[in-house]
Each structure stands twice: as C-alpha cells, then as structure tokens.
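Presented sequentially are two complexes of chain A, the first with chain B as partner and the second with chain C.
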Partner chain A sequence: MENFPLTSEDQHQMLAEIGVQHFGEMLKCIPEKLRNPKINLPEALSELDAQKWFCELAGQNITLKQNLSFLGSGCYEHFIPSIVRHVVSRSEFYTAYTPYQPEASQGSLQMLFEYQSLMCELTGLEVSNGSHYDGATALAESLMMALNHTRRNNILIASSVHPEYRLVARTYLQGTHGVLEEVSFSPDFAFDLNDFKKKLSPEIAAVVIQSPNFFGLVEDLTEIEKLVHANGSLLIMMGHPLSFGFFKSPGEWHADIACGEGQPLGIVPGFGGPWLGYLVTTKALMRRIPGRLVGMTKDHEGRRAFCLTLQAREQHIRREKAPSNICSNQALCAMMACVYLATLGESGVKQIAELNLENANYLRDSLGAVPGIEVLTKGTIFNEFVVKFSKPIQKINGELRKRGMIGGLDLERFYPTLKNQTVFCATETKSKAEMDRFVSELKRISQ
Partner chain B sequence: MNVESHINLEQDSKLLFEKSKPGKSGTPLPKRKFQNRNFGKLIPQSLQRASGARLPQLTESELIRHFINLSRKNFSVDTHFYPLGSCTMKYNPKINEDIAGLEGFSWIHPYQDISEVQGMLRILHELSTALSEITGMAEVSLQPAAGAHGELTGMMITRAYHLSRGDTKRTRVLVPDSSHGTNPASAGQCGFEVVQIPSNARGRVDLIALEAALDDRAACLMLTNPNTLGLFEDDILQICEAVHRKGALLYYDGANLNALVGNLRPGDMGFDIIHLNLHKTFSTPHGCGGPGAGPVGVSKTLIPFLPVPSIVKKDGQYGFDYNRPASIGKVKSFYGNVGVLIRAYVYIRMLGLDGLKRVSHDAVVNANYLRKKLSTIYNVPYNDFCMHEFVISTSNFDSKGLHAGDFGKRLLDYGIHAPTVHFPLIVKEALMIEPTETESKEMLDRFVDVMRQIHREANESPDILKNAPYTTPISRPDEVLAARNPVLSFRDIER
Partner chain C sequence: MNYPNELRYTKTHEWVRRDGNVIKVGITEYAQHEITDVVYVELPHVGNSIESGKPVCIVESVKAAFDIYAPMSGVIKAINTALESDPGLINRDPYGSAWLFELSPSNVEEWDSLMTSAQYEQVIKQGV
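Up next is the complex of A and B:
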C-alpha cells in the first residue's frame, strides 16, 4: 500500500486544486447503487510473502528441466542462448508501448524490421508481419487473407495439421462465408493425394498443409503445389520454423503464405504462451497481410529511419472495414526470435536442424528395435514421429511418470481411431545417454 | 577521419545483415553425435533446402552491443513518463517478471498431465475467480491473447447466443462514435454490420439515437465506460435497460477499467460480456506492442458459449473442462498467454482489494488534477469531472498550421512520451491524456510546466513544434515514402 506515489498531503493539495472537498464529489455522475460493491479477494501479500507463495506454487509443477521429456506436438523444448533473455529483459524494450511515435521507438522498430528480414530469409518468402498471437491465429488470419484475395469460399486443410490450429481456424470462420473441409492422410501419415484431388474444386480459395506434419512426417509438396496453383488457389504452408534450416523452405515450395508457431525460436514453453505467430507472404499479398508492418524510410535529414507502415490496412484507420482487428500482438516474442535467429546465424540454424534430425532418427531407430513398439512414421522426419504400443498410452505415460520421465501426446485425444499411438519428440536438447535411458525404460514398460 | 566515424553508437542504424561477416557465430552449438549419418545423402534431395537460410553472422559480443544500443533508442515506462490515453502505461512491478520467469512456470509443457502442473492450474483458476469478483461477471475465460482478441471472442459469443435462440435477424452491432477502432473492426471481422451511435453534447451516448438504432436487428451495443473522453456514461442504467428491453446484449470494452477497478463493476452495471486488458489495468508490460492478454467475462446466461477449455476445480484437483457443447470453440491454441496471466495474478495478490481501490482512486485524482491545471492553458472540450483520462484539443492553433501531433512530437524533446493523438475522432485535434496512478505529483507538475512552455512556443514560434523533435535519434520519418515504396526487409533494401 505504501507503494503509491501520492502521499496523503499530495492528495489533499490535489483535491483542493481540483476544487473538491472529497474524492466522492468527482464521482457524482455514477449511480449510487453501483458504488462500493462487495468484492471477495484474498488479503494483500507483502513482496516477501508473494515471492515465497508463488515460488511454492512453481515448485508444485514438474518441469521439462527436472524430468526427461519427449513431449512435442506443437510445443518444443529447444536450447535458448542466454543472450535472448538478456536482450528482451531490457526495460527499454519490455516496458515500451507500440511504436506509434517512431522518433521515440527506433529501437523497437529496427528490432521488428530485423525480425521481418530474418523471417523472410528463413521462410524464403518476401513480406513478414511484425507477429501474430500464435500459430493457430496466424493460420486463421491467413485463411481470411485467402478468402478475401480469391473471393472464393472454401478452404481445404490437411487433417495432419495440428488439431488445435484446425479448431481455432473453425472458430474464426464463424460469421464469414468460409467453409473448411479436411483432406485425410494415408496410413503412413502422408497427405492423401487421391482424397485431395476429389475435393479440389474451383471454389477452393486455399489449401493448407503442414510439413513436418502433426505426425512428424516431412511432406513432398511437388505435386500438391502444381495442383493448387493450376486451380488458382493459394498454398498455405505451416511448419516447425527450425526445420526450414535443413528442409525446403515455404518459398522454395512456392507457398503463397507461410505461417505457424514461432515458439521454437528462443521462446520458453511457458504452458502454451505467450508465443509467436509467424506469417510471411509474397509481395502480391502484401496489402492483405494482417497486423503491424515496419518499413524503412528516411527522416527529414535524410537519415535512415523506421516506422510502422501500410497502416491503412489496420483497425485504427479503417475501423469496421479493416480486414483484421488485430492491435496488440506479440512484439516482444518476435524480438526473442530476432535475437535467437541472429545468434544462431546462417550455420547455426542448419546445425540445430541437423542435431534435431540425428537425435530423432536415433531415437526412432532405437525404438524400432524394441519388441512391442511399432514405429508408424516411417518416412522422412525432422524431430518427432509416431509409435504404437500394445497398451494404452495413458498407461505408458503413467509408468514413465513414476520413473521421472514425460512421454508423448496420446493421439487418441484428437484422432479417436489412432489408438495406443503417441508422438515422441527428440530435439537437440537430448543426449545419447538420455535417449538410451528412455529406450531401456520403454523396453520394460512396453512388455 | 571519414564521416562515418563521427556517428556515435546511438546513431548507428546499421542492420545485423550489414554488420555480418562470414565465419562468425553467436553461440557454440553441440557437436554432432552421430557423425556417420550424412543426412544430405540419406534424405531425398527434393526435400532439402537448396542453400542455407541467409542469416547474419556475428559474435555474441557484437550482438549484445547491437541490441543494447538499439534499446537505448526507445522511450519506455521505466525511463519516461508516458501519458498515453486509453493505453494505461502504468509502472510494471519487477516481481511480476521474476515470478513469471520461474522455471516451474516457464519450462512446463501445455500437454503435460494435469497432475504435473497443479501449481500452474491453481494460479489460472484463482486468477479467473479473482477477475470474476473484480468485474462482477459469472465466469471469465483467460484464453484471448489481447484486447482485440477478447472483443472478437465476445462478438462470437454474441452471435452464438442469438443463434441459439433461433434469432437470426440480429446482424448489427452498435458502437458509439467515440469507440476504439478495434470495436467496429472486431464486429466487422465477425460478420456484423456496424452502426455508429453519435455522442451527445455532454460527450456521452445519445440515448435518443440509441433507442432509434435498437431494433430487432441489433445484436449488441459495445461500450467503453468510462468512454474515450474519460467520462463516465452516467445514463448507463437507462442504456442497459434499453438494450436489454430490445433483446440485444451489452458489451464492455475493458480498456478503461483502470478508472473503476475495485470501486465499480461492469457486471453490476448490467454488462453481459466484457473483455479486460491485463496489460493495461493489471500492470503487465506492453513489450513494444505485446504480448498482452484479453480475458473475457460473461453473465450467467452466456457461460455455455465461452471458449473451451475452462479451468475447474473438482475433488481438490485442478483440471480442464472441455465439455461445453454450445461453446464457440477455441480462439487460441492451448490456454492463453499464460506468462502474462501469471504477472497479472501476482499484481492482484500484492494489492488486494484495498490496493485495487487505491489504484482507481489515485488514477482519477491524477487525471482530474492534470485536467484542472491544463484547462487553464489549453482548451478542454468536455471540461467535466473526468475519470482516469481526459482529452484536450489544440484546434485553436489551426491558424498557425499546428496539429495535435505537433504538440506530441515536441513533448518528446522534453523527455515525455506523446499522449494519444487525433483520438477520439469526435474531438478535433485531440490529445488524450492518461497519467495513471503510478505517477507522482512532482511528475505531473513537471508535465504541466512543459505543456505551458510548449503552449508558449506554439504561440510565439510555431515552427519549433512543426519540426520537432530535435533530441531523438531521428527527426520525423517520411511516412508517405515508407508507404509508397515499401521497404519491409533487408531483401527489399538489396533490391
């Protein structure tokens, strides 16, 4: 309570200056019956007590640092260089407002411009926005872009796109003319081309595909891309951003929009957020991109300067005609990704991708040799894959928990027919000894 | 000495790409463990990237200097007074950062078994309960990631509610002409037609115009209270009665809750749906534009439509409830911007009810003090007791060719961030000022002195304002050039 800057003497003087005797005189326009409601809140804590209590609650959670985890499925445990936290912990960054006053915000503006530049390089596309809430909402807004651009009403989305992204996309399409239809996957989890060909029609605005997909498979988009573009539709590609360090980028696949979750780029898992939706597109779609864009220009003296640009797209100018309502975004998370990508650099991004590749492949090979475990994602993978057990995943995970380990996602939760199947993820953070330990425990559990 | 060497570090605007030199790296990565596997050969060429992602190459020391010097080109709450109307740029307590950064919160996975994350779920459950209490709403969902995201969620709930009653005619959303831009944009994005309601001479919603617009096509009225002039909508009970009588819903834009928190509840006023901006009222930092959090609260009738999952406590254990058949669905993956939610809960726990009351009390005192003092210098169009913010107009300087924005730019030279300029749209040449409760009387007095000085400059030598600022790393950028010839990445520079 002492932490408020106005002293009682200040209050006294200020009320006198305002010309009232009591504070309540200023609130006369508020109906009496609304005032002073009964509100039940716990007692205030001192800073010391707050530190203790919240640390205690934090201690009740089992972390990925304490327990050996092979859980992925949309949230990834990656190495984060120390520099990332140090940069975004600068007060000048994290306590600044949206850079609407460019002269007083060149730091954040240049930082976001660099983020946009790095994302263009990573995805092989031409225009990145300054961030979106998360991968799911970035997808949802990409669909809006496609519907508006093509003036068509239907979207085809692979069932192998992250289930939560598909759910959010469906929510967003309420109130629009957009209709979402799913394209199934084959037994080896690849995008089902036959099903796709049947469903592709002149009404299709966009086709959404994720690679590596939710089952870990890296898809070959060669034929899909040709069909999509011959149909006059847009190709929207999602994917783990670090996979683009090794695998073909969305730009090389000729995707029109790349979008997805930027959490792997230096952002902590944090129970699901705040993360980073990335959205990168072509010049042709530049004016349809939602959210903030930073552009480079000159100041009055001709010096290099950065400012928010193409704002005529945005809600504060266009109001109800704005194609997106987004205002606050995830700028600080974009800055984390910026520092992360700059720190890894050209060789680092490829190296990290290869470390993921070799770990996941080693784990997959090792598990493939265990009786009672069947590897189902047999094709090319990045850092995760599906395995099948002879008993329910709940049981397997319960046993792992007893051993201080965290297993994968039970696929049945989102795909009722995929029983006893789970996704294991091995990023660069796992040592050979840790993977061996995991495999030997699973050997015992799976029997 | 060449010209370049006269530029000090704060004026250095070179990009990472321009500082890059082949062969450098910012971090030593682990070595490959299985050197015998050549993935370049094992994996089909057609799936591989043709050449490496062209990223800059710098050492950690070079990077840190680059980024830290960039940070020095920013204004921020920790370094400057930020009287930015409707943005509530209050101080962000440091303990919030430390708690959110604890390993027990930051290194947990959203798909872990609930038995492993009970401490986390408890915080989310208690925060949701506390926000229900503070706002007087029956239930609060923590899922939306920002205020506008909360609005969109609220609009989807509005649609779902009317459709559930078989009422398909309600295609219109009403917004006052003083509303935030996100209100009409959110309604528009959800497929509603937007109808603007004019303000009356007292700066409040015109009741007669409202009644006229309230027909059987009206789905909802979106209202900010206090409104963007900082004025309490004193007809709120009549507004609420009229809206409900016509079968529409009343939506509360929580951007200005800082004026009321602890002392007044939107639920008691009769609002059916609200969103909160935790990055405003509840002190979580703005982070150059995000992440924020925009929880949505609803009245009892609307609970079934909230996003899934809700966080519940059953038999002493915290968990998720996905069983809401009428729910609008998910609006975000997982559960929300959890790190932001933790910060807000620390803030609430440290203040308690008395502290929260003090927040709105002091916010109102500070705003009225500034209004009173500035009204002796500037034109305050609706010079009534205000709540947490107020609006001044510089339209009397039109003849000198000055705009509200020029006053804002000049403030930067005095080390004060500009107020919100040219908003709300109903005031010509508006400067919208919100001091918040975390500023001292000394700071406010200094602000008044500076504003007096700028007023004098505007009268005596308006050019000083027109060309301001002078002390910032750059002068005014050419925004027309930026839009006409968009340079949005390093690629564009090279082109």
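Up next is the complex of A and C:
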C-alpha cells in the first residue's frame, strides 16, 4: 500500500486554512513551562548493552520455573504441551487480524469452530461463542443475556464467586437496569441456601454460582438448580474448566449458561493475560449469545465450509438493540485452548482432572497434620483449598519467598473477616517430593 | 401485491385485523417480500402492556433483524407460537397463519387512525 506523508507544503496549506502562522502557535494554550520539558534520559545504549540491561530487568521477575508455586485463585499453573505453542505460532494464525472473511480464512474459522465444539463437549452445553477476553467479561456478558432473556432486573451472585469477576460484573451493569445482589456462604464456604431462599424473588433473572468456588469447594447444585428453575430464573455456572473433566459439568447440572476463565486450557499465567473467556449456553438462548459465532455449512459446490453465523444478533446489524457491544473474540488464546483440548482428548482431560484432585487432596491432608495450620475447606475440592495460620499471611508468604516458594492469596484482601487465611493450590505440575518440601518448610514457618 | 380490504395498516408495514374487541397483528405481504426469507421471530410475552408506535417484537430475516411496532396500545393476549418452529410462515401466508400477536386494545378508537387498504397501497406506490 502506498503511503502519502504530510509534506511541509501540506502543513502550510492546512495552517493557513485555520489562520495560524506556524505549528507552535497551536500549542500556546499549554503553559510555557510544560512545553518542551527537559526529559532526563541516560545516553542511548548499544544493542548489546540494551540486551544485557533488559535481561537484567527480566531476571528480577519471580518465575514459576525457578520457584515452587502454590498460588491459584483464578490463575493456574498447568503443564502446557509444546505442541500448543508450535501450532499457535504459525504465522497464518499468529499474525492474522480479524480473519473472518470466509473466502480467505477457512483455517482460522475452522479453528474457532473446533474450539466451540470442544467447549460444548467440555461444559456439556450446546452452543459456544468464539470466546471472550477473560472470565470476568464472559460473566458480565452472561448477565446481559439473562437480563434480556427474562426481562427481569435482578441478579443473585454467590459471594464465593471470584471477587474480581464480581467487580467487573458490577461495572458492566452500570447504566443498565440490572441490580446485583450477593448470596453469602456458610462457615464451610458452601453457598448459603437459607440466605438464597430469602433473596430469591420473581424479579431474579439469574443466579450465578462458581464451582469449584473461590475457596476451592465443589458445590452441590441439586437443590439450587431446582429452586432457580422453578422461579423461572436462569442458572449461570462458572468454574475451572478442567474440573469438568471429573465433576459434573454445567450441562449435567442443567445450567443455562456456563462461563469463566479459560486460562487453565493451555494458556500461560503471563502476568495476568491475555487470557480467554468462555461462554457456552443452551440452544434456547442461542440468539442471545454475544460475540462471534462460527458455523459449519456447505459452499456452492457442496464442499464443507466455515463462516460466521447468526450475525443478525450483532451490533453492526442490530445497532443499539444488539445483545452486546462485543464484536470480537480472543482468537489466538481460543486457539491455544483448542490445541490443548484436542491434544489431551477426553481421556486426557479426565486424567489431568484426577491428577489435580489427587495432588490437592494429598497436600490438604499433609497440611492438616501440621500444628498451627488449620484446613478450612473440608468438603470436596478440585485443586485448591483454604487454610488458616496463627500468623498473618504476609509473614508466611515472605518466609516462603526466602525459600524459593510462592504461597497463596491472602484472603483478607477481598474478605476482611477472613484473617490469616489463604488459598493453596496444587495442580498436576507438583510432584510428591515438591509438596513434601513445601509442607516441611511450612512446619518450620508456622511455629 | 395484495392488501386485503378488511385490514388496516401502518407506515411501518404492520397489518391489523379487528374482530370486535380483539386485535390481531402481522406484517404485510410487501414487508415480507422486502425483508426476504424470515429465519427467526422473537415474540412478545403474553400479558405485556404495549404502547402504540413502540417496538413489540423482532422479525429476523437472512438480511437483518427488524422491529415490529405496536399499531395500537393495549395488552398482549396471545402470541403465535407456530412461528417459533416455522418462521417461514411469514413469507408463505403473511395475512393468515403468520399473525404475530393478539392484543386487547386500551383504546379501540386508535383503529380509526390506522391506514385503510387503499391508503396503504398509495404509500407503497409512492415508494417509502
């Protein structure tokens, strides 16, 4: 493509048109002392020196490769087979921007279609979109779907849903009629049925529950599901996607929408993103689904082909009446999830889920025997659980850091009453020896 | 194009049938022809109050999604659920089996301000 730079002739012409002598005149509104400030920068470095400097800076990062991490709470360290990066790094996928033209992008569209199909299988639901930016925005979009579909205004959300997801949901609901109300949890971190029954009213559009929840507990939704649907409300279920390889999937719980963070599916923690939001729903809600949706069809010669579908829902056609402003997806991260799931297969997902379950239970049992540590998530867990120390968590984590270990999230940050409590996570990446080392260090630290 | 005499019409291409105090609404043959193949109808909820001139439900074709406006104010009495499984009825039988909803009007006199068949035909001929 040709580039037409702005010539000085062009500049003169433009300035003359608005009656200005030279460019500096236009900046007069900015106080003199703020114009052309002296920027105190060191001398430029050679490429060699710049590389050394950046490596030194990068060396200050605390990485999961060099440290033994038991941190979870929304971001999980899982093993990623090298095939994921290999396939995703192909420039056809890596460099493509909004590759939606069916005549040019069959590969990308097929990949998104396969991602959708795999997410449907994993969650046990019927229709997945081409992904969202992250778990929090996927939740917010699910709430919009529920408000539109039921034409009701209130949402009940469990306080045991990730606190940051709840904050994003609140932000999204500003400017809508939607009102978010929280349902508390019992001392053993389970969804509080009594509080829920008090708050369930005909105005409730949807009930949001996370399982495994923020405290690691796998919830029993049997009674909740019945109450939600008898009330004509929708059930929105969030959760660690790999947990559905062992525990009941959202589909098996009869959830209407499954949504959450897809990072555990082959995506690196990477300072918190870019990650992946998954949103999967039932056929009945298909036309409420936000974002891109890829379908499989046949071209005029009868060959299999992929294209965006149900676009009449979307903003460029429905304008202000569209169910969502989202016209995009997280295609590259969705592809990581797609390759990851395809590599594992059904039995692989089950195995990974079992390994998480075994490790977390082993760590929980081991820590339960340590004086000064009390295990608080006593029910069924997937890969994380809450423990209580007799000392502040910051102190515990500081001591762990000195030993090349990363502890858990300090719950007091989000739940002021949960003092000296933290969430430990053990995924399939932890060996028995590593967990034993962690426990023996904690024995010393917690005294 | 067919514009049955016994019906009344709106500028937004809804037809209105009056049977005593019951009002039936659909979209005209002209409208279905313009929007082409209908693939989905989002019907209103029975019991909802609607206001003349305000959007009530949505008809989606392969081209786009279109709002259907209330020709008269009132309360939705019935909806045509046959359209949920067979939205193409709108293309095949716009004035008959493809009615959208029935309403009980709050002000029957609004009927008189709707266009007659001849007036609507005139509007179409002038090209809207």
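One rule holds for everything that comes next: the second predicted complex is superposed on the first by the 393 of 447 C-alpha atoms of A that agree within 3 Å, B and C clash if a C-alpha of one lies under 4 Å from a C-alpha of the other, contacts with A are read in each partner's own complex, and residues count from 1 in each chain.
Criterion: a residue touches a chain if its C-beta (ideal position, glycine included) is under 8 Å from a C-beta of that chain, and two chains touch if they have at least 3 such contacts.
Remember, predicted model here, so these are calculated numbers, not experimental data.
Contact with neither chain B nor chain C is seen for A:Ser446 once the two complexes are overlaid on the shared chain. Touched residues of chain A were counted for both chain B and chain C, and B has more of them. Of the two partner chains, chain B is the only one touched by A:Ser128; chain C is not.
By the touch criterion stated above, A:Arg151 is placed in contact with chain C alone, chain B being left untouched.
Of the two partner chains placed by superposition, A:Ser160 touches none, neither chain B nor chain C.
In the superposed model, A:Arg318 makes contact with both chain B and chain C. By the touch criterion stated above, A:Ile83 is placed in contact with chain B alone, chain C being left untouched.
Of the two partner chains, neither chain B nor chain C is touched by A:Asn356. Touching of chain A by both chain B and chain C, each in its own complex, is seen for residues 312, 317-318, 321.
Every residue of chain C that touches chain A in the complex is listed here, in rising order: 39-40, 42, 45, 58, 60-61, 64-65, 67. Listed in rising order, the residues of chain A touching chain C in the complex are 151, 287, 312-313, 317-318, 321.
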